[in-house]
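Structure incoming, see below.
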Amino acid sequence: MTIQPTLRKLLTIVCEAELENSLLREFAHHGVTGYTITEARGHGAHGTRDAAWPASANIRIEVLCEERVALEIVESLQEKFYQNFGMVSFLSDVQVLRPEKF
Amino acid sequence: MTIQPTLRKLLTIVCEAELENSLLREFAHHGVTGYTITEARGHGAHGTRDAAWPASANIRIEVLCEERVALEIVESLQEKFYQNFGMVSFLSDVQVLRPEKF
Amino acid sequence: MTIQPTLRKLLTIVCEAELENSLLREFAHHGVTGYTITEARGHGAHGTRDAAWPASANIRIEVLCEERVALEIVESLQEKFYQNFGMVSFLSDVQVLRPEKF
Amino acid sequence: MPFEPVILFFLLGLCAGLIRSDLKIPGVLYESLSIFLLLAIGLKGGVELARYPLMELALPGLIVVLVATLIPLTAFPLLHRVGRLPRADAASIAAHYGSVSVVTFAVASSFLAARGVSAEGYMVVFLVLLEFPALMIGVAIARRGSASAKWGPLLHEVFSGKSIVLLLGGLIIGWVAGADGIKPLDRLFFDLFKGMLALFLLEMGLVAAGRLADLRRAGPFLLAFATVMPLCAGLLGVVTANFLDLSVGGAVLLATLYASASYIAAPAAMRIAVPEANPAISIGAALGITFPFNLLVGIPAYHWLAIRLQGVI
Amino acid sequence: MPFEPVILFFLLGLCAGLIRSDLKIPGVLYESLSIFLLLAIGLKGGVELARYPLMELALPGLIVVLVATLIPLTAFPLLHRVGRLPRADAASIAAHYGSVSVVTFAVASSFLAARGVSAEGYMVVFLVLLEFPALMIGVAIARRGSASAKWGPLLHEVFSGKSIVLLLGGLIIGWVAGADGIKPLDRLFFDLFKGMLALFLLEMGLVAAGRLADLRRAGPFLLAFATVMPLCAGLLGVVTANFLDLSVGGAVLLATLYASASYIAAPAAMRIAVPEANPAISIGAALGITFPFNLLVGIPAYHWLAIRLQGVI
Amino acid sequence: MPFEPVILFFLLGLCAGLIRSDLKIPGVLYESLSIFLLLAIGLKGGVELARYPLMELALPGLIVVLVATLIPLTAFPLLHRVGRLPRADAASIAAHYGSVSVVTFAVASSFLAARGVSAEGYMVVFLVLLEFPALMIGVAIARRGSASAKWGPLLHEVFSGKSIVLLLGGLIIGWVAGADGIKPLDRLFFDLFKGMLALFLLEMGLVAAGRLADLRRAGPFLLAFATVMPLCAGLLGVVTANFLDLSVGGAVLLATLYASASYIAAPAAMRIAVPEANPAISIGAALGITFPFNLLVGIPAYHWLAIRLQGVI
């Protein structure tokens, strides 16, 4: 086997679609090199968000990065957004091939 | 580092879109506090589901919860839906900040 | 508890939407039994892909399979697509109920 | 042409699907078009309905519904005994064929309009009435003997289903607002109707192409069923229409309602109510065979029948 | 009918939502329809505008905007002091009511057109002008005393927001191209306008149904506010229109602009600029109460008022 | 106005993109509009085509295609030798410019219609014929010397591609159904055509705005290429049209076909067939420069040329 997967963190954030730009600024600030977004809907402490119109749409963002960066972002999110916005985030361990990329 | 991530389970279910309401009832029954849904398509034992019309659309549901709840739900899904419906589910370990929330 | 989850690998690929058919052929070649696709957008080394038109759309593909197969696919992707296409892939450990299925 | 030009769009979609074109109609466009069509059909019916005393429709409506129950009640034993299909599958298919296809109805209306044949405006009411009884019958048959029948959710599922809400809602709006009130909406809902139908048929062709593979597994019995059943049901429709003194146009539409198989309301309802039935079989037959069969052969045949049998009963 | 038939579509959506129908308008259709409506309103306004010397609109425009600032400036103390809502919520609601609802404006235009009442073509300019000042005021009030106000991003957010870009862009295109240049586009943007509005209202009904639950938490004060405020603002609009010598139609439209509460631009802007305000409350009031109230009661009332008060000032 | 009003929508989209407005056209709306436009163009062409004996088109069709191959065959050495672009990129760009832009063609048709200039109805056939040969040439050039060329999948990709299926499908439906059969569909496909084109151009403007950044990397040679190439190709088109005795309108359309660069079929085909080519460069040039250039400068220029050179050859 020629490939050697390396461990990285996958940070997944589910939040109100309106936060997209704010989060992208946040990522840029923490030096994140990439992210992936899918449209989502859901339910949580802030009620049901059914994506029937922009005000009730969620997005689901994934960021592959080093653990340190992931924790920094999560901490910053908690401080800035957790109180006022519908938002959930979680970290998981994933293996990647090109560790220098993330 | 001020934050202390706690381990929780992430239950991911991919299934026929028509099951959405049935699954939400299931979640409510197991005391789940939230979920996230994205539209999906795919392929599996029940053939290709290309989401070209409602009868061939899938959804992908994520639930963050305690391991015990996740296992209970999976068991219940297996019993009620695995036989007759296109459905796949899997569990993974994730870290969250507000363990009391999930 | 009657169920005994077994470990499998979840391979997640985020790439240009135009690669869909090429990837499905790849999967078939490696004997994959199923996959799940969601529409995505994002940002990475190949710039911002905002899904405003087909040429800038991403897809996010998930494949549940054995570790060996996952590594084979990743190796093959790296060889065939990493150089010329926007593509990111990562592996994670997940628990499934019906290991024979994946 | 012996058939409606809009059918060419169905054939285009079918070809595109069969040659594995990368043409894909986004699912959202499918949903938007079906919302449009259901609403437009309802509105048109509502406007027409305003011309008739509603009470006079009660008896014909009852007769039309009662006769229609013969369709699933005949189809089930045929499929189960003769065709040797499992109970659930036979019941589900019976429900699909007992219910109606809104798009086939729309194509039949176009067919008549193109030939200058008029029809009773209240046929849309029959369309609404016929949508669900067969679904109930199908579920009742499937569950016979099992105690687990929960009718509440099913009834809610059917009556609050998208197609009933839009058809009935459109009907009421058209009836309340009347031709004059609806006039500013004509440009969208009536003038564009046929074009939208063409786009929808393009999509149905693509979907149907994907269903043809399922049919190979289904075997020759189902193929025969999916073509002979509509012809018999169509004949039943023409006869019933004659009994009710409907015009030739009305007879064609009633025949089409009886002959067509649902693939909007029925698949959704059956999937939840009779989960052990395999949807590939019922949808494959309804959409893969009966739908194109009605478009290409059935509707002209019912027209021919309606003319032949006019005044016979 | 006392109200516009298109409102029936709103009621249909509302009913469908309340009976928990599986009818869902895809979010993408919502967005497409709102792009269409904003652009069409802008285009129509632009074509009309070409008939007036632009300079003459400067003074009336200024007056209309200045008077309109009274709305959020009155609403805030009412909500904060009397209603005892937190500062952020009171400010956010004040901003919603100070801004305008494009769809309510469109329904009022339909209402007038159906009655053959004409209105000044440049009312769309007022629509554009009134969209954002109240948002600024709302943010300023919410942040009073806090140093963290960043106006740059907010101004950008508002002026580059979808609704301003499409309304203003449509206005300019209509103005530049003129009635003749736009003519080939009439078939889409003008002829289909009312039908599209009907579909959009169907969707708004579904959305509003989901918001009614939020209202229970809101309490009786907010319910009263959401019906009395528009009536007062509508009266203010009629009076201002008289002062500016507008026609009866113009008075109805200005009253509607003042009375309506934004739920396209305002929710998006407030969510980011005043994050501590609970959107369920402001949207619930604006969309759950005031929007249907204006459709069913408000617009006819402003019309009545405009006729009564014509020439009084 | 010197240019078509629909172009204003492109400029609006471009501005909205450049000021980073939150206006976003959903990808699904883009796809729906492109399905509509391709089908409508095909239908229109098919109806017109029914008037001509098909056989007589064979020779002109062959000539038009053969002459068109000059475009990629000239563009490649220019880009590769003079512009020093890598082989793959040069080949891919050559393919884009050798193929055609359906929307530019539509705008040119509008331009002519607005000026009352008629054109041969069968130009749509040329549009279909010109779509793919250049793609083949581009791939052949890119792969010269490499043994790994797999033509099968590429041919399938191109011939079963969305744009060919819809154009050709529309053409055949229009031809089979004829003007009378299509009439009930006119309301959607013909009356709304220009409005839909306007919406599509709005979206293209937004997309193009996002591509302008890519162009900075491209350098001055590509900028020059993307404006001079269309002018030369347009001249070639006018000359060829004269040789074939086409009308002035026909000459403008052929010039536009030659001059325009594909950004629907070509990007998709090249991405898979020549993966080592950087799509940002080819799409940036085709969509960021040549498309607006043709809209604003090219089409009027080809019109001017066509009038000047009429009867010269």
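Should a chain be cited, it is by its letter among A, B, C, D, E and F, assigned in written order, with residues numbered from 1 in that chain.
Criterion: contacts are C-beta pairs under 8 Å (C-beta built on N, C-alpha and C of every residue); 3 or more make two chains touch, one makes a residue touch a chain.
The structure displayed is predicted, hence computed values, not measured ones.
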{"item": "Set of chains whose contacts include both subunit E and subunit A", "value": "none"}
{"item": "Chain-contact steps, minimal, separating subunit D from subunit C", "value": "2"}
{"item": "Geometric centre distance via CA averages, subunit C-subunit B, whole Å", "value": "19"}
{"item": "Chain centre separation in whole Å, for subunit F relative to subunit B (CA means)", "value": "46"}
{"item": "Interface hub residues of subunit A, defined as touching at least two other chains", "value": "38-39, 92-93"}
{"item": "Overlap residues in subunit D, where contacts from two or more other chains coincide", "value": "24-25, 28, 31, 192, 268"}
{"item": "Listing of all chain pairs that touch each other, if any do", "value": "A-B, A-C, A-E, B-C, B-D, C-F, D-E, D-F, E-F"}
{"item": "Interface residues, subunit A side, partner subunit C - complex", "value": "1-3, 5, 8, 10, 24, 33-39, 62, 64, 92-98, 101"}
{"item": "Sites on subunit A touched by subunit E in the complex", "value": "16, 18, 22, 39, 47-48, 50-57, 81, 83-85"}
{"item": "Parts of subunit F lying in touch with subunit E, wherever the complex brings them together", "value": "1, 5-6, 8-9, 12, 15-16, 19-26, 28-29, 110, 113-114, 191-192, 194-196, 198-199, 202"}
{"item": "Subunit D to subunit B touching residues, read off their complex", "value": "24-25, 27, 30-31, 203, 206-207, 210, 214, 263, 267-268, 271-272, 275-276, 279-280, 283"}
{"item": "Complex contact set, residues of subunit F against subunit D", "value": "28, 31-32, 35-36, 39, 156-157, 160-162, 165-166, 169, 172-173, 176-177, 181-182, 184-185, 187-189, 192, 268"}
